[in-house]
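Pasting the structures here.
Below, subunit A partners subunit B and then partners subunit C, in two separate complexes.
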Partner chain A sequence: MAENAEKRNYRGRLHDLQKDLMNDYFDQMTRSANGEGDPSVYLLISGNPVELLRAFDLLPIYPEINALQTAVKKKALPFIQKAEEIGYSTDNCAYVKADIGLYFSGNQAPMAKVPPPSLLLTNYVGCNVYLHWWEHLSELTGAPIFDIDIPFLRTPDGEPRPEDIQYVMRQLGDLIPILERISGKRYDPDRLREVVELSRETGEYWAQIKLLTQLRPSPFDAYFDAVTMMGPLYALRGTKEGRDYFRDAYLELQQKVAQHEGPLPEEKYRLVIEGPPPWPYLRTFREMFERWGAVFVASSYSTVGGLWEFGFRHDPANPLESVAMHMLKWNLTNRNFLQRYAQLKSYVDEWGADGLVIHSVKSCRLFSAGQGDMREYFARQLGVPTLLVESDLEDQRYFSPAQMRTRIDAFMESLEHHKLVSHG
Partner chain B sequence: MAAIGLPQLEEAQDLTALVDDLRVLFEDPDFKLASEIKRTTGKPIVGNFPVYSPVELFHAAGAHPVGLVGAGNQIEIAHADSRFQSFVCSVIKSTLELGLTDRLRDFDGMVFHSICDPARNLASVFKRNFPDQWVEYIHFPQNLVSESSVDYLESEYRRILDRLSELTGKQVTNDDVNQSITLYNRARSLMRDLYAFRRDNPHVLTTKDLYTVVRAGHILTVEEHIRLLEHVQRLVQTKQGHERDHIRVILVGSFCEQPSLDLINAMEEAGLDILDDDFMLGRRWFTEDVRADGDGVRSLAEAYRDRSVISSVKHDSRRHKGEELVAQVRSAKADAVIVSVPKFCEPGLFDYAIYRRALLEANIPHLFVEYEEKMWLFDKVQTEVETFVESLLLD
Partner chain C sequence: MLYRAGVDVGSTQTKAVIVDETGTMVAKVLVDTGSNVVKAAERAFVQAAEQAGLQREQVDYVVGTGYGRFNVTFGNDQITEISCHAKGIAHVNPNVRTVIDIGGQDAKAIKIDETGDVKDFVMNDKCAAGTGRFLGNSAEVLNLSLDEIGERSLQAKVPVRLSTVCTVFVETDILSHLALGRSVENILGGVHSAVAARVVALARRVGVEREVALTGGVSRNVGMVHALEKHLEVPIYVSPDAHFMGALGAALFANERAIAVAG
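Up next, the complex of A and B:
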């Protein structure tokens, strides 16, 4: 018990602050659902144009956040099963199923009542399921849909082409009158600039935070603690509250650095992790690594929404262009699989990691399809100790704690051996 | 061994025998015919993964496009399943397996398309594992209501053409593109005619036969495929068939990974007259001819937006898949729908939920079946279909 209390303390205020902020956000959602707040627009997490919504005082609703929050509370399964009863497959992404099940249960999520959408805005940034999901929601809710099609990074240099950028800019141009109509407000470029400036500052703090984990010991866990910060990063980007949160979190983490404090009493192993977390078993999964003194110093999952630590900033001088570039280039999901290999490799090298853990989730083929090849590349070609484990990000039926623990223990033992041998 | 290639058509007066010969061509995991075409024409071979690929561009650039849709049940998967997990569809793995077992050695390049997440990652895995291959990825527009999508797609096609020119060394003119469009228009219109014929005479032109003739186009040159289609068109005019006590169905969900020919046959034999289907959908992508007298690349881009089929891998917010399926059932006077989806195929599985809602509402019976290309024993599917047919015949 005492140990538990201590753990919560050294994880810091940023977790408590996050809770308060997210609760406020969920209250806004409930108000909107009761017809009292701002109109809502459904949006997806990966590299998105939330700045535009904020500039029109539209409330962004993220069904992905609703699904994962429900899963964290282990309340997702009944919703998933409801969707499966009406024709959704066991092989469909469980985020979608949890969301569809929620819709058919009167939209009452454990943390909030979810308002119906005024607009379904698909930022098609890599994940193909996004397109299907919103198509289904449109059919069910009758809400209009607008697909922002983001060309995937597919050329040898890995850069968006000028034509890709033009295409996205034109679509954003098409979107603005729609947002005017829904919000009843005129497009105000100065207001957008303000919001984009807030996003720029948020991104600046977040990038600095992400770079702190290059230090030893790492002041926080770049997977398990980073996901806490991802809530405000998406739900509140472009707001003052969001920006202040990241400023406070940065200051707090800097203090930890000054005191050489990390999330664990002793940092024995530094690991990189690929793939989304198993939300229903987040705590359990974390403990499986903590007991070995292992800290994640970098994670690909924490970059689905943006790659700030690699240099991206929103730009108030070119607000729309920077929103477009965020969607096109500066998020993990719109980059190709080999660019992800390169990103993970840079984590291993520049963040000084001892190994790579690939958490392969059945729901999310965007992440997982081909991770066996990734393991091959890291383990065989680069000689990085690599572990691949499978479960799911939403559906608790796919997480078997005993098996998971055995695999992780075996990997950590071999890592221990590896360290002993290589340090003589 | 007989020469590899299209059988002597003048002598092939029996459709069933012809189909047996053709089947050998596409069930060959070593692609001997493609190699032969490469040897005799000197054209590089570019494999195209499902669903739709702008084959006109490959043809115009002087390459031979070969449709590469996995390996059916022709090979064992021994290497690719360590790269792609158990919950990824088979066509992804068997296509990679073909590469890993060196069966694509005569292929000069591969092109993948934005159809789903596994296919997209497969393009990268191909690049890493076969660094000397020309590997391309086409991102098709998913916002089809914006005028900008045609401009975008045109630019994407020009990029692909430039890349193809690097491969073939040929500078492509607008006339080249228009000539290729004309040829593929011809092939597509013949296929549309055969589909229309089959719809009215499913007992004369079976789905197994029609499928084989269409599928052959994946590997033959387009010129040869046109000859074949014209020949088959003549053959079916005089062919006799006996009406069967079957139910009349529309089949959807099989637009990418293909069931084996034996499974298609088994479903028919179990009592289905298939009036329409989405097998090999990419070859039959356009509902009308593509303009062949304008700017060819632009015409292809426009046709993609405005004159193409509805599909699980193309998102068109102007259309509703469920409603179109119901309309299709009504206009074909079908009794029921078979939704047959490859195992683990998310686009197909998602659409099933939409179809299901629409069909229940319209009171149209349907049967959902899952298959895998490598499936050898299809007793289960066959029994399911038989039971379904019986239940409808008894109604």
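Up next, the complex of A and C:
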């Protein structure tokens, strides 16, 4: 049976390098927390404008990354419970609770001491809960908030209107003096261009990497291995180290392509996945698919921070405008449903997938809203075998291994049957 | 003659079925799962072999299914109950296109084709509303056995409207209806209707196509069959072996695989 596929974990140089780079980044966080490093600015993953911070030598802090790193280490629950003791509802986003609980536990995360923010930047307003998260942090730390109001893509063609772009550009103009004040550095357009050029090169490598999974076998898992690369993509974009990492990763993966090597000994099924991973059970969740020889060739979650594989590049000739376009147009979460459907459909078609898995998370109603319709659209209208499973991205109490496994096994059994029938 | 078995280890009950090479059922056994899942699987299998008058060795292929499928330590393969219920029902009634399976702790709707191939399925998630447990808790509060609640629910004249679908809070809900002087029959009518509404919502997510079959432990409850028919507005097919459908499907898979292995 397929489910007894031989187990071999893919762990390449890109995994080890990622670990080293992220450890350095976390060390910078600890130094900043101890008053020795650069001032920190908190920002959100969705379409993150990290270039603006790098141009002022400000340290970007993503509370979402801190929360998920804590969850991967299965250390998030005490923080979540701390927040619930204070009064946060069980239905609240668990990223928020893990972060607030962390604050009330002295900001000592498993991988770093988290510095207090000098500024709380909202670069994504699609999530109302996130806005309140920043307000709570502002109340607790006294740090100012700067809201960048990013209009949602609401036109049928999914293009931002010219006035939307101007509106965001004007707000970036207002943000610059604040960044000057916090960093104590003058705005230097040449420096920003330099950072944006590094981001452009990073994006180029990342886009090429993500297109490699169209090949058979896919040289890496575009969900479980791709999330490894997302840390450097967001935390280190706009730096030489970040750019070099993606260049090295691309070269390593090209070698794997040349050797016809994938993450599993045999690629039996190619799947697309929608939704954030169940971080506390990442390994378990991965094994549930690996045992069937299933590889994810594309994931929408890895495009929350940017849609490079669909053509986005930062532009050093128009640095501020390309940062604005990143936030407006070139990230998954600011897009409308039809665009999200189209993206998944192109993954199924162009990446050659056998089915779609939707992982719906309790924490994020924003992400999960509409996934029932999405399931129906793919299963009924397009005839793509589709599985919808539910757990959470942060709170381990919502992941039931036995229930999860039954659903995945049943889905894979039916895919196996389809394959047997269609191949005679 | 060679024989094959399917053992369906459910949360509440464990079922074992033995079929001969032609796929004819020669034994079916039902035991309570209890706390030792491995032993329950063993017990059900041994009893089924006895019932058929077979030595253990005469059963050359066993498939485990149900949530405890990996506890069928003597099994050759494990296959989910979703595939097995589909397989079983297609064997006893090839006209079925939608299977509703209500067990002790889960409920599922499965869409199948004439060969029993699973086209789509949905299951309840993280909540026992709409499962056998909801009925079990309700029966317990009313001090009735599971076997009698279905029949009595049919006598409801004005079924109550429960204020909750929560399997835990339904108990206080029932007590408050009793305090208001509502009859046991009317309360049971409400209980069955609440479960039916929940299950029908699940079934509509895969799309209800006739014929519709009910399988799993709850299929023995006539009140539930009636309530589902009322909510779905279609007749429901219930096989005399509906409770054993998962085990039967597993035994049929065992038979197919044993034949394939033998070449």
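Here, the second predicted complex is superposed on the first by the 413 of 424 C-alpha atoms of A that agree within 3 Å, B and C clash if a C-alpha of one lies under 4 Å from a C-alpha of the other, contacts with A are read in each partner's own complex, and residues count from 1 in each chain.
The rule is simple: a residue touches a chain if its C-beta (ideal position, glycine included) is under 8 Å from a C-beta of that chain, and two chains touch if they have at least 3 such contacts.
In this text the structure is predicted, and so the values were computed from the model without any measurement.
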First, second, both or neither for A:Glu390, with subunit B first and subunit C second: both
Partner chain in contact with A:Gly372 - subunit B first, subunit C second, else both or neither: both
Touching partner for A:Val129 - first (subunit B), second (subunit C), both, neither: first
First (subunit B), second (subunit C), both or neither touched by A:Arg407: second
Winner by number of subunit A residues touched, once subunit B and subunit C are compared: B
Which superposed partner A:Arg380 touches (first subunit B, second subunit C, both, neither): second
Contacts of A:Glu204 with subunit B and subunit C, given as first, second, both or neither: neither
Touched partner set for A:Asn92, first subunit B, second subunit C, both or neither: first
First, second, both or neither for A:His417, with subunit B first and subunit C second: second
Residues on subunit A lying within both footprints (that of subunit B and that of subunit C): 372, 376, 390
Footprint of subunit B on subunit A - complex, ascending: 83, 86-89, 91-93, 96, 100, 124, 126-129, 131-132, 135-136, 138-139, 145-149, 151-152, 154-155, 161, 163-164, 166-167, 170-171, 174, 336-338, 341, 360, 362, 365-366, 368-373, 376-377, 390
Residues of subunit A defined as touching subunit C within the complex: 1, 372, 376, 379-380, 385-386, 388, 390, 398, 400, 402-403, 406-407, 409-410, 413-414, 417-418, 421
Interfacial residue positions of subunit B with respect to subunit A in the complex: 81-85, 87-88, 92, 114-118, 120-125, 127-129, 136-139, 141-143, 145-146, 148-149, 151-152, 155-156, 159, 315, 317, 320, 322, 343-344, 346-347, 349-354, 356-357, 368
Subunit A partner contacts - residues on subunit C that touch it in the complex: 67, 77-83, 106, 117-123, 125-126, 205, 207
